[in-house]
Amino acid sequence: MTAVRAMLQRDLRLAWRRRGDLLLPVLFFVLVASLFPLAVGAEPQRLQSLAPGIVWVAALLAALLALETLFRDDFADGSLDQLLLSPGSLSALVGAKVLAHWLVSALPLVLLAPLLAVLFRLPDEAMSVLVVSLLLGTPVLSLLGAVCVALTVGLRRGGFLLTLLVLPLYVPVLIFAAGSVATAAVGASPAAHLYFLAALLVLAATLTPFAIAAALRIGAE
Amino acid sequence: MTAVRAMLQRDLRLAWRRRGDLLLPVLFFVLVASLFPLAVGAEPQRLQSLAPGIVWVAALLAALLALETLFRDDFADGSLDQLLLSPGSLSALVGAKVLAHWLVSALPLVLLAPLLAVLFRLPDEAMSVLVVSLLLGTPVLSLLGAVCVALTVGLRRGGFLLTLLVLPLYVPVLIFAAGSVATAAVGASPAAHLYFLAALLVLAATLTPFAIAAALRIGAE
Amino acid sequence: MFAGNALASLLAPPRFYRFSGVVLPWLSVLCAALFALGLYSGLVLAPPDYQQGDSYRIMFVHVPAAWLSMFAYLILAGAGFMALVWRIKLAEAVAAGVAPIGASFTLLALVTGALWGKPMWGAWWVWDARLTAELILLFLYLGYIGLQSAIADTRQAARAGAVLALVGVVNIPIIHYSVIWWSTLHQGPTVSKLDAPSIHASMLAPLLLMSAAFLLVFVIALLLRTRAELLARERRSAWVQALLEGAP
Amino acid sequence: MPMAPRPHLRLVAPDSAGAWLSAEALGCERGERELFTALDVALAPGEILQVEGDNGTGKTSLLRILAGLLEPSAGQVRWKGADIRELREAYRAQLAYVGHKDGLKAELTPRENLAFAIALSGRAPKQTPDAVLEHMGLSAHADDPVAQLSAGQRRRVALARLLSIPATLWLLDEPFTALDQHSIVRVEEMLRTHVQAGGMAVVSTHRALQVPCRRVRLATGSP
Amino acid sequence: MPMAPRPHLRLVAPDSAGAWLSAEALGCERGERELFTALDVALAPGEILQVEGDNGTGKTSLLRILAGLLEPSAGQVRWKGADIRELREAYRAQLAYVGHKDGLKAELTPRENLAFAIALSGRAPKQTPDAVLEHMGLSAHADDPVAQLSAGQRRRVALARLLSIPATLWLLDEPFTALDQHSIVRVEEMLRTHVQAGGMAVVSTHRALQVPCRRVRLATGSP
């Protein structure tokens, strides 16, 4: 247990040391979201109907980019070997790492999303659904992403390969999450979508830590 | 001159050795472009009007991701020091590197774009404009991106910072390129937009190699 | 090289430090006076607008802030150029000093614009070309600041930032001409049209006064920040040591 | 090229009955190349095994196999008779490994890095981080981020782990890389006290160790 | 903490008139720390300068400054009297640098890596890649990707550059890292023939060089 707590604490402290970087996922999120109006034109009605999709695609890409920092550094500086050799439970340690990563890279997005929703003039009911969908969906993205990062960690140029592995896994989350917001925006009930997201979260949280641990042992050979 | 040719040849050969990775930018491009229909719904009319923007945003993000591989590896393995110490002209060498990078990471996108255009049912006139805009625009993305990569090359976690530096510089290209396709799609003449893109390309091709060389000398300290 | 050396000795940090120490109090007095005049004529003397009522008065903050946000970027790029080519230390300090100020004015322009937009266009924000360009300007500043904080060595950071600022300067004309190149919701050039400003003199005068006052705020902030940067960068040099010993 | 079968290579101690760490008929392939086959290892408490060998003969690979980080292509590693793949946590609790890479976070200070290593080991430390850093001559840098240390200073922080984590078996891959003379002497001293207290160590290095040990050369990897 | 001014450190050769490489009053700051101030260097053809010093005293930094890769915080480096920042290409054409990192592409073979290094130097090679690899005992690996070589084998490929590129001044940062005994002897031999032919070298290392050279210690960087 002390090991797990130390892990969480270390990663949060590392994030704090690099606190300049804390802003970056958020900025990326905002930047990508604001590319769209530039690219597709700025008519308010159209933007409003696109908003759930744009915000979620931006969140998904931010999550994807943030993955790079999850195990890559630990592998490069040899810390990963030390983790693998720790006598504690690897899946618990890895769970702590993913939690720290989510707190640092995804939570700020969730907090910022309402602002984007205002910029895109999303109706108020849809806004709260957007936040809930992000709260349920982004941890799934982090967990699924971690499995793929672990698999590619020893490869020299994992960037694109990682993307390729991860994006298909992200698709169900994207569909249900963006769907929930879009349903809410037209006034219907998003409950079904959100339940599905919640189910995905429970599933991912219970199963992936073991997958991540196994993948790390393979990837770090 | 031999040094420049050797540089180009070496980078192309490296790309060939890693030829599995050659496919990845293209796949990323296609994947991102196909996320949107999933996220915003698939009505043909709407998709058609969004197509230029989506394709260009996808191309831009693919270019952004590909940047990671431009100087980062050379820095990590010490090759960059050797480049900086070469008695030839650094800006010429760097030009060769960027050219190789563009050939490998962006040219395939340009060749694939018509396929995406068909999927999104872009009218035929717009399709050729899309290809031309990509041909003119993506080299600018590579060149501008190279400056920013060079600046961040020595920094440990450059990923997000790089994004923050690069995306604002990419915006003009995005606006004019997506604008040209959108104009063509409604039947108007995209010439003004394309001229502007061409001007940007000429400007970037003549000036940025020096900026990249200077940035590398600074970044690799 | 020779021009560089001459310039460098003219802009030697101790000389600048002394000079700026002398002018700062005078500038502050002038700035306060301009603000008093500008606010009085803008809030009291100028008549309400026939369309916008009183809400237009936010212009007296919005327009100077927007202008200065762009002006600051030009200074950033100019100072960067001098730092890069002639290695002038003062220019490095100016560049490091001006970036956060520029970012603040950009933020001010965005916020006042949004406040003005709500009554005018019925929305805090529209994805209009000029508004987006101004947002991009904010990101350019943030990128510059991010790069500075990521590089530990200050001189290396200054030169790296200079390259970035010079490349980013392309965006300034795009912001300025965005209203002309694209049909936008945002106001076209009203004041800055050279031939005849399309704005009434009773509104123009306070705008100009406020602009001058804001310019002075900008200059004062820049001098203060540059002085602080210089002290930090030169803390081992003889003149700073002498200064410190002179102080009680 | 066809390879002549390699002679069976025995690193067995004269009296291998008391060996805690043992491996029989280990084989290792990296990529397409066979590094060693039929390698035997045995190590009893109080012993040091120095692994020598030209570049590329598989020293690093052997250490990673012994640590359980790399799967051997044949044979198995045993700890007190049990396969380490079955022992898992129980084996890792006996182990301290210092590889080619230091395993330090560049943004954390040496003190924080050590504190984390201790927490990760899940056991009470032998010595506090402060005492250990003092001993390695790093007190002045205890609160600098590791990123600002030179190559040799980082290596010393990595080795400082050995003094704080209680571990029976040390696996050290070229521990002397980048160290200055003082530090080399200090590390040899550490090895000596470790084995005197009943510890064991496997050390790969190109310098002859100034500590009593069995020395073993891996066969040349390639003609 | 307030720093006492450092003593002026002179590495000047007895007869510094014939020096080709010289530096006066060099200062170096990394981060917040002052590594050295007022350091003088002078090196004439036929001489080797061995830079010693404890970990973190600035050996790597000094070599990078001499190569023109790092800006000194004070002073300047001169080649035959001219500032290297103005000489630029002309100076770099005289130089061969082997740093901590090998500067090899992992996906290319040793042969391809050397061929590229030769092309980059823009001059006719002293020896072909094949001859050089033969000399370094790497013929068997000439066509393996470097990724598959061990640490010491890679180092040898990096050092092989010295034999193929014509350069007057060699700057070597811990060239012996990861090398086995044979290779160490071979590299010392290379240094000997290089200076006998009128070359110069600055070598940072913790081992005493078995070649006639001037040795110089950098002062301890920190208490």
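The letters A, B, C, D and E name the chains in turn, as written, and every chain counts its residues from 1.
The rule is simple: a contact is a pair of C-beta atoms (placed from the backbone, for glycine too) under 8 Å apart; a residue touches a chain by one contact, two chains touch by 3 or more.
Predicted, not measured: the structure shown is a model, and the values here were computed from it.
Both copies, subunit A and subunit B, contribute mostly matching positions to the interface they share, with over half of the numbers common to the two.
Here the largest set of C-beta contact pairs joins the chains A-B. In this assembly, the chain whose C-alpha centre lies farthest from subunit D is C. Annotation: 37 Å between the Cα-based centres of subunit A and subunit C. Centre-to-centre spacing of subunit C and subunit E amounts to 47 Å, using the average Cα coordinate of each chain. Note: centroid distance subunit A to subunit B, computed from Cα atoms, is 25 Å.
Counting partners per residue, subunit A has 18, 20, 24, 27, 31, 38, 73, 156 as the residues that reach two or more other chains. Annotation for subunit E: residues touching 2 or more other chains are 30-31, 71, 100, 106. Touching of two or more other chains is recorded for residues 129, 132, 139, 142, 146, 150, 152-153, 156 of subunit C.
Across the complex, subunit C is touched by residues 29-31, 71, 73 of subunit E. The touching residues of subunit B, counted against subunit E in their complex, run 2-3, 5-7, 10, 13-14, 17-18, 73, 76-79, 81-89, 220-221.
Residues of subunit C touching subunit B in their complex: 84, 129, 132-133, 136-137, 139-140, 142-143, 146-147, 150-151, 153, 156, 159-160, 163-164, 166-168, 170-171, 174. Here subunit D touches subunit A in the complex through residues 67-71, 89-90, 92-93, 95, 97, 99-108, 112, 115-117, 119-122, 145, going by the rule given at the top.
Chain contact summary for the complex, subunit B toward subunit C: residues 144, 147-148, 151-152, 154-155, 158, 161, 164-165, 167-169, 171-172, 175, 208, 211, 214-215, 218-219, 221.
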